[in-house]
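In the two complexes below, subunit A is the common chain; its partner is subunit B in one and subunit C in the other.
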Partner chain A sequence: MGLVSGYNLRSMLVRKGTAAMTAMGIAMVVAVFVMTLAIAQGFRSTLVASGSTGNAIVLRKSATSETVSAVLKNQLPIIESMAQVARDGDGHPLASPELVVIISLPRISDGRPANVPLRGVGPRAYEVRDTLQIVEGRRFVPGTREINVGRQAVGRFRGLTFGSDVKFGGATWKVVGIFTADDASFESEVWGDVDLMMPAFQRGGYQSVTVKLSDPAAFSSFDVAMGADPRLDLKPQREREYYEGQSETTGTLIRVFATFVTAILSIGAMFGAMNTMYAAVAYRTREIGTLRALGFSRLRIVTAFLAESVALALIGGVIGCILALPVHGLSTGAMNMASFSELAFKFRITPGLLGGGLLFAAIMGGIGGLLPAIRAARIPVARALREI
Partner chain B sequence: MKFARLVLKSARRSKRRTALTILSVAIAVFLFASLRAVLDGFSAVAEASSSTRVVTIRSTSMIFNMPTSHADVIRGIPGVQDVTWANWFGGIYKDPKNFFGQFGIDAESYLRMYPEILVSPGEKRAFLEDRTGALVGDGLVRKYGWHVGDRIVIQPGIPYYGTQDYTFTIRGVYRSGASNVDNQTFLFHWKYLDERAGGAGQVGWYVTQLRNPDDAARIAMVIDQKFANSPYETKTDTEKQFSAQFASMLGNLNLLLGSVALAVVITTLFVAGNTMAMSVRERTTEIAVMRTLGYPASTIFLLVVGEGLMVAIVGGAIGAGLARLVINGEYLGMAGGFIPAFGVNNWNVVVGLGLSVLIGILAAMIPATMASRLKIVDALRRVA
Partner chain C sequence: MALIDLRDVSKSYRRDALEIPVLNGVTITVPAGDFMGLMGPSGSGKSTLLNLLAGIDRPTRGSIRVADTEISSLSERALAGWRARHIGFIFQLYNLIPVLTAFENVELPLLLTSLSKKQRRDHVMTALGIVGLGDREKHYPRQLSGGQEQRVAIARAIVTDPTLLLADEPTGDLDARSAGEVLTLLQRLNREYNKTIVMVTHDPHAAERAVHVLHLEKGTLVEQVESRA
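Take a look at the complex of A and B:
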């Protein structure tokens, strides 16, 4: 095996130009594959990062997202009094009643209005969502028309800079702080006091309540207790699972698009690899005959040529991954179908994604090289040796 | 063209290789034409939108409602011919995955202002007479196998509309007469919706028909001024601007689809260029003999480019033709109303063919230069 593989790899070097062109064709396909899936990946992990395993989000039964849920004001104390809800040092329950509405603000990049999520939160929201960090200014003071803005929203929409006044809901609000949230979707949001948001947007109740559980394992008993209480037509979900579900619609759409485009594109690249390998086999007919005459079996010839094709494709795959790498961390925005608002996220290339790209390249090489390899093995020895 | 036969002969020298190259160009052009069609689908919606209609939504965002009294105010503005309104229902049909637009419309005025919604007079009457009736697009009917007279149960998705299921009876099926009307929409009576919601008289958006399209900007401003400083401030745009904004919310489609299309072209260039180079290298001796016989270098150059061009155009014709046959909006109900119906049109085919010409010429450039610069003595001495 070693001898034949070595021979094949050296033959590749002899025909540098052709090999390079084929590898580049495959590289382009892998680059597109990695980049488009990096969008889906980034979108998903931004939403998933929003959910903590130690938190539970309480929504109306059968509600699929916050926007279609409703929690009555008088249900909040019942939830807060439940034993599974964690408490801070002063004994206050760590629960945040929330209301998300969408406001329209012009985008900085093209001046067109985009939907920005505005989240009214309870006074202890920052203790419930402990990944949130104020990086500039301070937290809003409950009961005042002050707001905090996520880092991603500051850079994308006009009028959200630190210290500026924003008009919405029939009032003027002052930006008193900028926060980060470990790249979570909250960074695309604007936060303010939920009790002021409700009258501003003519809403009579909350949409959801997010609680910090006293212990992540307490979730099931929390779920059972809530189901048993006839005053609550609500159901808790683990926060992480909720946000995973939220990424599904848009994530699937991007993934379907990525698969469709790369699948078709890969067929083209596969034809290219096939061409190259057929030519390689044709050029080396005599050499193959010699190998066979020396006693190398047909199977070894097939595997050797397959290995050559896969190696060529893998080189392409590596180049493709390198070509795709610069987009990692670039931020972009897309509509989140679940909340109907714009979500900023970063292209995210994970090791798994790169591995997938290489595997994809290897498969292209394998399929492209199979027929030529079989042809190489089928060459009759006598005729091959006679060839000039 | 006395050289045509020569080009044809050399293309047929390795049939398998030529076929594979043709197919890879075909795939690239297929993909390119389809991507163009998607983008065209979005702009067609904006293009077909009427310029005599303006849309009024709440200035905060379109998810908020306005009172019905706005209609009378708008109707009183000089230059306004007609007003209608609608609400977004956002309900769930069986499964949240079955997404399609559901609008509660003020039926009579809506159908009057949207002549693009094509419905037979009999079905229109049946719909207008049934308070719980629905008028559905033919795309939806095909997708879910509905018939006129079927009862459709939809679960409300927005708390405002309550928790009880809504039952509608399909009274008519409409066809779309222009790209701005989606044929996958479920229309029903706003009155019924309002009754079920407690008769609060809340409207999602108003559409105003103007007498004169040149007034659009001025009247849009007058409408917004009428409601300025009220609890329900508005923002009015022409239908065209409105749909352009909606498309831009999906993300930077032009950039995404554009870069994918570029990658498609580059990949194909590599594949096709490689094959051309291979076939030229194989024919080194032949080319040297031709040069010896007196063919000038420029003719050799043109022969190779001609071969590349021929292969690419055949591939382009196959790809564009296939895309024209397979990709048509009729059967592609992707994501309901979010992505408009799209189909590959003749213009996409022309652009696809133009692209294949470009691929053919570019891919043949280097091999053709190689062939024309060949040193005869070296080439003849070479053993293939």
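Take a look at the complex of A and C:
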């Protein structure tokens, strides 16, 4: 539409001041929108990164998360013997029986005690979770009071640095290695031998067993076989789906908060846009009358002014996205509602999120511009032309 | 065959509870190819009459036929389309869009047609050529003199080759020289291009350029049509 791009955009620039203010108002809202959703996005991808499509996590049938699940010690060999479980070069099944307990350690930032997840794992956990990498020191030796600490946990909690001794579970443990895990939630955890953790925390069994499948496609037969075995009241889930599910509670909480905050802010921005557009319509009444006299229909006038408002809002949206971009990759932490422990993650701004921000801006512009555009179209032509 | 056929047209405005009569039973016929001057004191209803002819305003009573269309019964939307095809309007204050160049101002009515960009360019340049401003296409209104602005506005009015040109005091804001140029231009459009024109004016000199002149006073025609053919 020639009228839109030429006439409206240039008219907008005539009133730079108000246009800039309106765009900035929208920009602020979009920036907040993108940043808060970047938290939700980062939280989710940190948990999702924990899950591999080639792995399956085995929980008790009714359990929704590993903390409320139980796997008996004598069920482990049954699982390990199943055909769908991958094996290493020596024929050992790639399965890791695990137990997560919460220990309390002072936070570095404010010295207050915080919940840190401690994961007891089997001797082949590092082969099952192949994204884990020791970046300092070495793996703990099974059967000893040695532990490995995730990179995020080292930076956030006191006393977890390489080489230090940590007291929990009635014993002292030595940090012999630091690991990374592609930004997954494991980086917020402390890992040690599950067979030592059980007595230390008075547990008689495991919570879960994570296995590497011989082939990702073997999952369904694994599922069927497990369901058919009367000794196993257990059910496998694809590890990735499990962690996606785990991110839901907290992710939804953050998203609801983000929506609430941005909804309130957006009301202000929409009124700003509405004000600007009403002023623009009043200022250009005679021009509108002229266009109508030339034969431009009401619909065209509505569209033109709506487009102007949306364009103005989109400019604000682009600015807002640019303002939000620097937080991408910044680290933060949040309570993981699924495990009630602290989870470190990074703000993640994805192209989809930016697209959402722009769409949100356009919607604000559209709503803010609607009434003024309708007023523009409804001005009686003869009266508009009498205006100086 | 009359191009314009106004029968017993009345128009009144409502201001609060008050009914203000502006036109009272006006009957006019204008043949195709005419150049009609419309004179009368301020507030006599000249602009109102012109607006009715342009389909910009609606009569309270009476019938308005232009080019065989009863425009008083057209819908708002149909009327907009009808205006785009049949009416070229020239305003006292030119009413050019300040943020658009002369070219873009003249092009505006063509945006409502299905012409290609190239065809639009040809039409605009022809119209600007007729008004003698072919070299000013890139100028913005503020870079033109009043007389030039009005000539651009005339180019905009004729670019779609409308059935009827309506001018509301086209020289009202111009000095004598520019006014003369604009009137000569209108006369040329009437004689060479056979355009039917209705022109409202206060100025007796301007009215002299018209073929016929009507006088309006307090909403009624007061004299017989003077002919100066």
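The definition used in the following text is that the second predicted complex is superposed on the first by the 386 of 388 C-alpha atoms of A that agree within 3 Å, B and C clash if a C-alpha of one lies under 4 Å from a C-alpha of the other, contacts with A are read in each partner's own complex, and residues count from 1 in each chain.
As a working rule, a contact is a pair of C-beta atoms (placed from the backbone, for glycine too) under 8 Å apart; a residue touches a chain by one contact, two chains touch by 3 or more.
Keep in mind it's a predicted model, so treat the numbers as computed, not measured.
A.B. asks: With the two structures laid over each other on chain A, which partner does A:50 touch: subunit B (first), subunit C (second), both, or neither?
C.D. replies: Neither partner.
A.B. asks: Could you say whether A:381 touches subunit B, subunit C, both of them, or neither, answering first, second, both or neither?
C.D. replies: After superposition on chain A, A:381 lies in contact with subunit C alone.
A.B. asks: Comparing subunit B against subunit C, which has contacts with more of the residues in subunit A?
C.D. replies: Higher number of touched subunit A residues: B.
A.B. asks: After lining up the shared chain so the two structures overlap, which partner does A:169 touch, if you call subunit B first and subunit C second: first, second, both or neither?
C.D. replies: A:169 sits against subunit B, while subunit C stays out of touch.
A.B. asks: Let me test your reading of the model: by the given contact rule, A:60 touches which partner, first (subunit B), second (subunit C), both or neither?
C.D. replies: It touches subunit B, and subunit C stays clear.
A.B. asks: With both complexes overlaid on chain A, does A:294 touch subunit B (first), subunit C (second), both or neither?
C.D. replies: After superposing on A, A:294 lies in contact with subunit C but is clear of subunit B.
A.B. asks: One more residue to check, A:114. First (subunit B), second (subunit C), both or neither?
C.D. replies: first
A.B. asks: Between subunit B (first) and subunit C (second), which, if any, makes contact with A:271: first, second, both or neither?
C.D. replies: first
A.B. asks: Taking the superposition on A as described, I'd like to know which of subunit B and subunit C A:41 touches: first, second, both or neither.
C.D. replies: The answer is neither, since A:41 touches no partner chain.
A.B. asks: If we overlay the two complexes on their shared chain A, which of subunit B and subunit C does A:84 touch? Say first, second, both or neither.
C.D. replies: The answer is neither, since A:84 touches no partner chain.
A.B. asks: Would you please give the residues of subunit A that touch subunit B in one complex and also touch subunit C in the other complex?
C.D. replies: 388
A.B. asks: Which part of subunit B faces subunit A closely enough to touch in the complex?
C.D. replies: The touching residues are 16-17, 20-21, 23-24, 27-28, 30-31, 35, 59-64, 90, 92, 96, 99, 155, 157-159, 231, 233, 235, 244-245, 248-252, 256, 260, 263-264, 266-268, 270-271, 273-275, 277-278, 282, 335, 338, 383-384.
A.B. asks: Taking the touch rule as given, give the residues of subunit A at its contact with subunit C in the complex, in rising order.
C.D. replies: 1-3, 6-7, 10-11, 13-14, 286-287, 289-299, 380-382, 385, 388
A.B. asks: Of all residues in subunit A, which touch subunit B in the complex?
C.D. replies: Listed in rising order, the residues of subunit A that touch subunit B are 17-18, 21-22, 24-25, 28-29, 31-32, 36, 39, 60, 62, 64, 67-70, 101-104, 110, 112-115, 168-170, 201-202, 249, 253, 261, 264-265, 267-269, 271-272, 274-276, 278-279, 332-335, 337, 340, 342, 388.
A.B. asks: Mind pulling up the subunit C residues that touch subunit A in the complex?
C.D. replies: Those in contact with subunit A are residues 48, 51, 54, 56-57, 76-77, 80-85, 87, 89, 91, 93, 95, 97-100, 104, 107-109, 111-112, 156.
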